[in-house]
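Both complexes shown next keep chain A, but they swap its partner, so chain B is in the first and chain C is in the second.
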Partner chain A sequence: MADNGRKAETVTLTMDGQEVTVPRGTSLLHAAESIGTEVPHYCYHPGLSAPAQCRICLVEVEGAPKLQPSCVTMAAEGQVVHTDSPAAKRMRQGVLEFYLVNHPLDCPICDMSGECMLQDYVFDEGREKGRGREPKRVFGRDDFGGDVLYYGDRCVMCTRCVRFMDEVARDSRLTVVERGSRAVIDTFFDRGLEGASFAGNVVDICPVGALVSKDFLHKARAWDLDHTPSICPNCSHGCNIELHTRDNLVQRLKPRENQEVNGHWMCDYGRANYEWMNRPGRLEAPAVGRGSDRRAADWREALELLFASLSAAEGDVALVGSATCSNEALAGLVALGEEMSGGEAGRVFRSPRAADEVPLPGFPLLVRRRDLVPNSDGAELLGFERAGNDDGQGGLEHAAEHGGVVIVLGDELVDQGEEFGANASLFVYLGTFDTAAAANADFVLPITTFAEEEGSFVNAQGRVQRFQQGLRPPESARPAWLVLGALVAALRGEETPGSAPEAFARLADAHPAFEGLTWEAVGDRGAALIAEAVHG
Partner chain B sequence: MLSECFGDPRARTVAGWKAVGGYEGIARALEIGREATIDDVKASGLRGRGGAGFPTGLKWSFMPKNSARPHYLLCNADESEPGTFKDREIIRWTPHQLIEGCLVGSYAIGASHCYIYLRGEFFESTNVLARALEEAYAEGLVGKDILGSGVDIDITLHVGAGAYICGEETGLMNSLEGRRGEPRIKPPFPAAVGAFGMPSTINNVETLAAAAHIARHGGEWYRQWGTEKSPGTKLFCVSGHVNKPGNYEFPLGFPLMELIEDVCGGIPGGHALKAVIPGGSSVPIMDAGDCRACTLCYEGVEAAGSMLGCASVIVMDETSDIVKQVRRMAHFYAHESCGQCTPCREGTTWATRILQRIEDGRGTEDDLDTLVEISEQMTGTTICVLSDSLAMPIISSIEKFREDYLALIRRGERVGAA
Partner chain C sequence: MAISVKVMRRPEAGRMSYMRATLKGMSLTFRHMVRPTKVTLEYPEEQPELSPRWRGTHRMEVHADGRPKCVACGLCPTVCPANCIRLVGGEDDQGNRYPIVYEIDEFRCIFCGMCQEVCPVEAIHVGQHFENAEYGRDRFVYDLDRLMEQDHPVTQLWDPSDPRSE
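Entry: the complex of A and B
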């Protein structure tokens, strides 16, 4: 190789007969990935250090005396690499057989079955029949504390979990004890994972079923779950996640990689808080009329009556939004306020706030934020002012007694009494659950939750992120952007937005902070708002 | 040379060691300088006595020059290879021989600190060495401004906790740093990133002891013994079926059969020789035929189909049960595997269990193929060579003593005394 003192930025090598050019410093494993070849690996994880100990990612590099671990061998100019040569395949088959010597093969009762890297690789390349005749080693099950259970017999000793706690959580609570084939993962004496803030990630990164979630234990088979790209709704950091659903219920949340936001990780708090998405007893149908006059109505009737009421309404309008609602819904509420002849009497939202932030030391971008709602930043960008205390209560005195129009979107008003809105000339409640404070509402309109609709949030980094629909909503619930969009459109004499992307386009036109952003540009990785707009 | 003072307690003191010319080596090294000392060791052709036989002078020359970072010399005294007991003798009879060697090595590689990593079970040797080191410090031979030269060299003793894998050079470094004794991936090599992340050189006890003599007499002097490719003398640890087992120092190239028959008084009971493991348990087993013309030097043993290793000659006569011996070895490696790499962690244990089953008379002929295949899968596929070390005796024993295995498998007959 010509060395003129300055090294080239890329190297070109031949991999499985194909020429590949990759940046200098790319591992052979990633170089293979770039041509669509997966080199099997267990101990290597892109978010952790590479100890090169599982030995299944060995590949043949021409000129090297032995097979080389592709996770730590860097691509070099002119290298000729074979990931699938007879020597490499034979070695992989051998390593897989070693893994199975003591593996219990209890796939039928293992939660990891269906997404297990041992299962996958053995199906791909393993021997047809095992040769192990000896009884298998038995370690049994160990409660690691927190949400984590350890099945030592299934463990492949990749040490990803130990390294995650050491390097990413920087909270060394797991270690390897004993050595050789007697080695197991364990906690330090009685100090387990209880009380750790990010330990749930060890379940995600375990390539087999050695570390499983107690919450998810025997709850569903992996192949029965639908995966929907979404955003964690439990704090304003907006970790990218997937909703794993079955039977129209969220079964678990899993992090979705996004290096700009959460890396490969999410916090235990966010992960554990999903049951509310499955909460029964939802508002099923629109209702009109106050108190004893309350009656169910269909959407057409309800909206026609509401349109008439809004057109005739007197006084200014007090808007109560919620930071659990999408940007599209909140922008719809703002637009509706702007169409009212009496002008606005303020926009407020409330949100529960934790006392402290919880950072992930080894991936400092990820912080469990104080705001325990997904869209407080979006609400503030759209002109809503924070009200109430850190429990998300109080602060609605003005709206409760307001004499003009009151519109409540998404706030369940749990701390408010039946007298809420008693003075209002028109009180509209758009929510997911009925509440005592909606007794005086002239209109009660059922809307969908974030899990049941498409939309976007703005996270604490000033990043717009989209989420998709993972659950089927109750019969008559509609996305708030659609309900509000229809009313605004009627008042303005224009077309109703037909989809969340259309609603977003209107919001981007109306609000300078979102200027220039398109639904496509936000994509599934999100897009940053212009910094001045957010912080200016 | 190395064993001259074995059995003479007087050599355990500074005065006693000086009486036989001790500490002249480090004095001369300080006089001729670092480069010249390394050149002397290069010229001597001294090869590492820990088993791999890597040229010592070359290893020393890998250390960075003019680097501002601290350098470390690590002395590997974690002698745990089955059949090996030479370093123990050097330490307990001639501790100053090792201390002087450490001073020479440290000086040559620019280290002001040397760690001697001692095997946990070396109670007596550790005590002797600690006392000698204390005296050497008191005499100004170790510590600040040694021998008035302005050079500082400290020596620290570190006692391991009894793990074979901590004798692997990078496993030793991890253990020294307080981590699990697990070998590290190379590169980076110790000369670039070694103990505590600093440039380090690691040498065996016997290597450093020999370096002390080379520093005193010069490189050419050392070449009066041994062969072109294996110069100098070597301690041979002879154990097993010989009348007089023990440590014997001979020039490299000494004939194996002469060592067994003349020096060690032959095999007891007039039995015939069956097999020899010439270099500690981690090398291929030789049958009697291989032994006949074998000379004990790196190239000589290689020509006979095995490796000199650390020259621990384990002799087995015709009454030996090879299957049992190999099973016993396999058990050792399975027990000592650190467990990082899958082929070693699972392979050593699996092989042990298959061998145990064969020994118990429940083996099949297919098991032999499986054993060979497992062994091949354990060769060259791991971070260190622990699993290779078991693969070699398994493969070579099945190749050379297949009949012993088959007798057990087919007829349940044990060859040799059970």
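Entry: the complex of A and C
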């Protein structure tokens, strides 16, 4: 906002009797925000242009003949602004009443109910009872294609969705047709939003329940969902997201604002791919023994046996990592490999790759990357080499026939047969699902997915980003950093890392690329790695 | 503050008479013998008259075409203090939102009637009903079909002519 060459300049104004100093060029809406006052707004969205057409953000500016739209009125020196004066309140109440003239008030069946800005504002300052006597106009609903449904009756005509498609997606597929009370949002002919890569964002920015997700339709109420800050695991861009969970199941993914990474947006591919986090049939208890000798064990027994086997094991070590694992888990695997072989251990990972990247034209930082896994860059930084083809298959010939120690972390080995690891003197499989290729494993240890643990990923920009635990892991699955950390600690004779921050601290000590980073410094918004360590 | 104790003085032993109290009690007994006040009901032949505000097991109202009135808005499981309502919403073939699963655990229910009070479409009601005996515990989780089959009168949580009790 303050990039007009006069950056240092600030203005001081009086807002609701409170003096506030803001950079020149700040809108009154943001100035009010800085003192903790939220001015209602529909058409204004920080990621879009401000047409000042919803008329609900009007505030009283002393000296101005009429109320001013706070989203486009810039703060000026000495201004005296009232957001809560009787005139401003009366006006907001009036505007809200107009919005409700044709609004169906179908909150009980509306998916937006509970997070709807119309509901909030009317509850805060609207009239207690409606005065309308005329019948409301009825449009019904329209399938916009893709994942988007449009309920015209609920629409407040803020045109955020139209402007998102025009300005950010740069793919004009929505428009306003008709005028006055007959105005609706519509698509051009039958083209709709089908095939658009970022259209899901119009559901997020819709302030009311006019645009809803087909996938989420009637699935859960907004107030039942728990929100967990996380990182999108579906490509290596690592958009900041929230996991919305209920009953220990992920119900939907929503973008979390981070101007350095994804702005306010995320892509439809990432948004749609969450069902795998809820996949049932997980590995639930550690098991020891090959083939018919396989038996369940508790963690203490399994780790003690594994520790004894690792201490006695001979031969080279082959490590198969996975770019779906956190940095902490991969660093634990590297440390274990080093402890075992006294230096270099072969490290590979595989990653499915899309044919091309999908950028968001209006916000060029955001790109759906080729790597369809969250931590391929972290894996490469930690010394894992990319193997296999673009489907994430093949490339494990060495590990499959390796005669020494084979440790597989997180890779489900879907393309590998039962003969995988048959020659290995010791084969350890740490995974979330049992697989045919784990038949020869001496140890099968259940680990958690990223949604069930705390940790960090490195995204394609070379940015370390933390994610939090949103789901309860099944039975006795444990985070991989804890399992591997305990083994490394036992081999080295030191303390087991007790938490993800501790595991991260050890990772930062051991790997120069992460040097100087702390868990706190990474924070909720991530932190860039030092540039020269990041390749590509 | 210490509790103040008032010492009651008993009348002296020779000056006490229970005659008056005994006669008073006996007169009541004889009065009832001549003109009895009936309290006991010949249940189940005779049924008690329940208050209009009696809150018993639930009943789901239905539309004329047999569909439940419930729109699966999720307010009753939200407001329920005993957490006894399980609801999974969905869409029927006509595009209406309806409950795919609607279960009330009548054992957990505390019959507060808040589900009825909160319902925006007057679908779920507590009822004027008390005969709930079953042969198994599992029968006390009432599913949607059972709630729709219930035919006892529903509770009137407030007087419609004076909804605010004024």
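Here, the second predicted complex is superposed on the first by the 522 of 536 C-alpha atoms of A that agree within 3 Å, B and C clash if a C-alpha of one lies under 4 Å from a C-alpha of the other, contacts with A are read in each partner's own complex, and residues count from 1 in each chain.
The criterion applied here is as follows: a contact is a pair of C-beta atoms (placed from the backbone, for glycine too) under 8 Å apart; a residue touches a chain by one contact, two chains touch by 3 or more.
Quick caveat, the model's predicted, so the values are computed rather than measured.
Novice: Looking at the overlay on chain A, is there a clash between chain B and chain C, or do the two fit?
Specialist: fit
Novice: Of the two partner chains, chain B (first) and chain C (second), which one does A:Arg221 touch, if any: first, second, both, or neither?
Specialist: It touches chain C, and chain B stays clear.
Novice: For A:Val176, decide between first (touching chain B), second (touching chain C), both and neither.
Specialist: First partner only, chain B.
Novice: After lining up the shared chain so the two structures overlap, which partner does A:Val72 touch, if you call chain B first and chain C second: first, second, both or neither?
Specialist: After superposing on A, A:Val72 lies in contact with chain B but is clear of chain C.
Novice: Would you check which partner chain A:Phe98 touches, where first means chain B only, second means chain C only, and both and neither mean what they say?
Specialist: So A:Phe98 only meets chain B here.
Novice: Using the superposition on chain A described above, determine whether A:Pro51 touches chain B (first), chain C (second), both, or neither.
Specialist: So A:Pro51 only meets chain B here.
Novice: Would you sort A:Arg131 into first (chain B), second (chain C), both or neither based on which partner it touches?
Specialist: After superposition on chain A, A:Arg131 lies in contact with chain B alone.
Novice: With the two structures laid over each other on chain A, which partner does A:Gly403 touch: chain B (first), chain C (second), both, or neither?
Specialist: neither
Novice: Given Cα centres, how many degrees, to the nearest 10, is the angle at chain A formed with chain B and chain C?
Specialist: 90
Novice: On the superposed three-chain arrangement, identify whether chain B or chain C touches more chain A residues.
Specialist: Tallying touched residues of chain A, the top partner is B.
Novice: Could you look at A:Ile109 and tell me whether it touches chain B, chain C, both or neither (first, second, both, neither)?
Specialist: second
Novice: Could you grab the smallest C-alpha gap between chain B and chain C in the overlay, to the nearest Å?
Specialist: 25
Novice: Considering only the contact definition stated at the top, list the common interface residues of chain A for chain B and chain C.
Specialist: No residue of chain A touches both chain B and chain C.
Novice: Chain A touches which residues of chain C in the complex?
Specialist: 71-75, 78, 89-91, 95, 97, 120-121
Novice: Could you please specify the touching residues of chain A with respect to chain B in the complex?
Specialist: Against chain B, chain A makes touches at 51-56, 58, 65-67, 69, 72, 91, 94-95, 97-99, 101-102, 131-134, 137, 156-157, 176, 178-183.
Novice: Chain C touches which residues of chain A in the complex?
Specialist: Listed in rising order, the residues are 107-109, 113, 141, 217-219, 221, 223-224.
Novice: For the complex, give me every residue of chain B touching chain A.
Specialist: Answer in residue numbers: 163, 165, 180, 185, 334-343, 345-350, 353-354, 357, 366, 370, 373-374, 376-377, 380-383.
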